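Chain lettering (A, B, C, D, E and F) follows the sequence in which the chains are written, and residue indices restart at 1 in each chain.
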């Protein structure tokens, strides 16, 4: 199986974190193809940045068409995820979606630990779009400026642990999601120190993508995830053009 | 007041329909600036097409920065709407949002009449994102292929009237929204023939944009509609770059 | 356009505050007709008081029948609003409804700042009746006794500002509503001092009433806002009788 | 125990139906005091008519103050119910509320059978205000004009039975409510003919009022059902004045 | 009327508390039959313990078949309640269900006071299953270890009072439920000391069971509370076997 | 990895269907251990039957303690699932939960195809307990009596296909779940004939159980899925006793 993992922001250091965690999770027979957005911002925290990231992810998905059996959009918040599902005939997985659907099997109420205050509104809307707001116990977040997206885990380890404990004791969380690609791999590190199950988006997404690939559940030829109806288009980058004109 | 109206799809004939309805609604002292997406598809019915439309709308909003006092994203479904609200210091209005908030003052339960089956899933998600799913009585839709987005009103007048009556009598609608730019102006034509109030997105959006401009409610310097935090970006079209680097 | 603004409580000082803010907002060609409830209480904070206010508002609407093109029920909580919509052929607008539908276009999550603890339960139910509970970030309130409904703004300016800031920072509000006729005009005063958009019910209601009047969306001859079915009645004040026996 | 049953519409024939069913249900030691609205309409089907009925019911409750140990507002839709709970120190029970809370103990999903199409919107809003919309399977209704509110049961017996069966088989109802005072007593008659439990509002309200009286759960001195804060009032009928000025 | 009250946990001391409160509430012509689970745990706080308790309650209900006219499952959280309703032709009442439906007639927003932190998750799910999560103001709980389920009321009286006051003042509760059989009777004791109505599950359940018995609303022969379809079974205790093979 | 799959009903023919589908899905290094309930009914369609099945499943899980790395409760409706998660230190997966969480990654709106009318109420409640009612498009069901749980697929193939198509075209389903162990494997057979993705519970549960085992997300030592607090118990079968007294 060939798995395309798209980092929809432009930071190679974040791509590296994602790749490292993906490689810890992936099955031996899965080939990973990493890609980093060619345009956009260093880290996605808002709806506008997600619009940029979703577009950049789609361009990559189109450029690589034929080279993969499943795709991961590797930013929590899942920029462009539902759009890509319409145009691709392979499973498309998002970090939030995969983490929520995995966490939901480990506990009834879920808390998300995030890396900034600003990002929490966008995350909340993403949980709501997944239809799981009723199972969200809380979103807790770091409240100090980040020195570097690549070193969040080291810089804020103690505070992340405290936030996790507050989510459990104050908010009623049964399970935690450490959210955002900069925290990729941290769940693995904290698992022993926390009294509830904890997951991160990258490993969940890799595992769910493999699962969906193996299930071969069939393609959407009708319903709202069928390909968009054929119609004129113009002015699009080659990648996007490719997605609209598949046989 | 200068009002930028962006058609996020590439069809000049739809832009013309939008403009005609906008001019019927607009106040004498409002100047209208029309713009048509330079890239994308002929008509937006799906999430992927909305991703293209939202991106194209943002490019235009950035290119025209400084030339307008309010913006309308003139496709029902509101592609890119929340994203643009983050980066602009003027009111940004969507057709769905404006129609819903207007209709909600005319009746408790709202039905939407749409031009295709495919488009209804996207519309429903948009109503949900507006938080008004509890007030949605139904979405009814034309079920025959459209000959031309520019002549839907003439080709399907009788069926649109029947759908409206079904929404009232079967679904409990108190008020109707004729949805989608190709139906712009139809509400005006049918008003006398229908036994409940009926609105369309274009006239609602023009009226609400003028209202918001006059209220001068203040800018978002905090909260989730403040500008995205400053951070590196790369590879963006000039319009998008402009939106990220405003003083 | 002739706009009837009904203060459903008996306080002339509150009517004056409402009128002053209405005159700041209104279009030049709109004539304002103010009316104060002839019976009821000094200030509406509860469901029982709202029942009194709704009845008194309906009496006035009936007595003035034919003298207006739109009506505003000018108490936050909207006493009698849906009832009046059934019997009047002109737009009827409430402060809560208008403020919510306006605020919802300025931000995703809305906080309400209220003048007493007691009033918050009634407000919350009103938000729920509008179907927008999912977009309510919080209701914050003054917690000290009010010296005078007419001087709340001066007496509590600093605390109102603090409450607004808490709503933004603690509750995730993107936009604020300063609620209740005694706060009419305060949004205008605070706009520069708050980091998010802020609206009040009076100016929103005036603006939305004008908007609905201009749209001429059509009358409800079916659906749940059509006139009540003709049937015997007895013992009603002339104003209410007039509403039931219109041609 | 003295039980005041207020018919909030002006029809003595409906009062008689209510009384007959109440007497079939009531405990031997309960005295029933019937009262009919002195002003209002013949039958309440809409929000405006409910505003009239709620006001008329409050006047009666005030005039009879001291003469009862519990009150029933005896129209489905519960006009004025929450308002009266604020000002009275005895249990106040509504037909919809009592029927819903009783039915909810007999089945998970509830259908309501109503006597007209128009009335269904108001009923639905009342179910929503009770917070039980999630348990509503459907509202089915007679669709032919009523000859007489007093003879609905005889005139439409067969159709009421058919509607009940459709609610069970098509809508998934586990339990039925025959709604509206004109159907008072019909549940008793149909019980043997229907394959699920069936209740009506009058007998539920009488039974729940007795239950609440016996429980003596305590008075609301705080919270949103405490008496409205003391404040000036003017121009009110003696009954309403009495409610506001209790010791 | 013969009323079977099943304590689904194995503690005779809790059965005694339940019986004492039941006897304070019950009508003179009702005979009470107490039963204590023969297997299970000392006190039910979790879903697993509820599974044990529901099974044990069903065994008793089957063993006593024919000896009662109504059944109460006397643990807050209602283990096995919906299951028993399917197989019994008499009313089956749960403490949570009865307390919620009673409290909902005394106030709009309800708080529950519980005896341990652990128990709150299960209670919340039970409120949600009743469809009343929207009316739940909060669940507050004792946070110190219980010395003895039989003496909670004495040991923690002051803290229970404080929790009640916090629920009213901080959470907006209009009415309180003192939850869990170990608190049976406490509501009666605190009623005078609390400024809102307060109920407990046992007295509500007894009263509602009597009410449902008197209403004789009819049996479920269709719908989801009809008896399970006839089919082979094996290996069941005599009590359960009896429930499946009734004529 | 050792995977215990418990059929919570007593039908060996259903166990065989489950096993066959499980073996088609399972990874080469996973050992399957099948178990069939020793007591209960032939097929679970109702809440009471689920209570029996949940209890029987728990007994097996306790008897086999130490012999498995993950457990599947292999009846759609997930009897006993949340209870078992509390007492086991390994992943516990249910057919409904696993199918929903998988389907939710393949489409926004999900329809369930069920084998009887009666079973649909219980399924709907299970979807609601999973918090995904908002994503349920419909539950469609066979409406003719089943000749044999083991031959449903052959007997009703054409009707199952028709129901699937109705769910897509009438109800807006993007993805289908063929529900109930008797349909195990059918999704695989129909995949090519249906225009949307289709999954079944058994293969989803096997795949998700393997995924959760590999993620090693950590144990619940706090929160509502920690072990029940230690306390006296009595009279339990050895299996259940074992679950309560683990080190």
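Criterion: a contact is a pair of C-beta atoms (placed from the backbone, for glycine too) under 8 Å apart; a residue touches a chain by one contact, two chains touch by 3 or more.
Owing to the predicted nature of the structure, the values given are computational and were not obtained by experimental measurement.
K.L.:
Strictly by the touch rule at the top, which chains does chain C share as contacts with chain E?
P.N.:
Per touch definition, common to chain C and chain E: A, D.
K.L.:
Taking a step as a move to a touching chain, how many steps at least join chain B to chain E?
P.N.:
2
K.L.:
Since chain A and chain B are copies that touch, just let me know if over half of their interface numbering is common to both, same, or not, different.
P.N.:
same
K.L.:
Can you give the whole-Å distance between the Cα centres of chain A and chain C?
P.N.:
Each chain's C-alpha centroid was found; their separation is 43 Å.
K.L.:
Compute the distance, rounded to whole Å, between the mean C-alpha positions of chain A and chain F.
P.N.:
27
K.L.:
Report the inter-chain centroid distance for chain A and chain D in whole angstrom, where each centroid is the mean of the CA atoms.
P.N.:
About 52 Å, centre to centre.
K.L.:
Taking each residue of chain E in turn, which ones touch at least two of the other chains?
P.N.:
Residue numbers touching two or more other chains: 82, 108-109, 121, 125, 172, 174, 223-224, 226.
K.L.:
Which two-chain combinations qualify as touching?
P.N.:
A-B, A-C, A-E, A-F, B-C, B-D, B-F, C-D, C-E, D-E, D-F, E-F
K.L.:
Across the complex, what residues on chain F touch chain E?
P.N.:
Against chain E, chain F makes touches at 10, 38-43, 45-52, 54-55, 58, 80, 82-84, 86-87, 116, 118, 121-122, 125, 129, 223-224, 226, 228-229, 231-236, 240, 243-244.
K.L.:
Can you name the residues of chain F that touch chain B in the complex?
P.N.:
Touch list, chain F to chain B: 108-109, 172, 174.
K.L.:
Which residues of chain B touch chain C in the complex?
P.N.:
25, 82, 91, 93, 97-98, 101-102, 104-109, 130-132, 134-135, 168-169, 172-175, 187, 191-192, 194-199, 203-204, 207-208, 211-212, 214-226
K.L.:
Of all residues in chain D, which touch chain B in the complex?
P.N.:
So the residues of chain D touching chain B come out as 120-121, 124-125.
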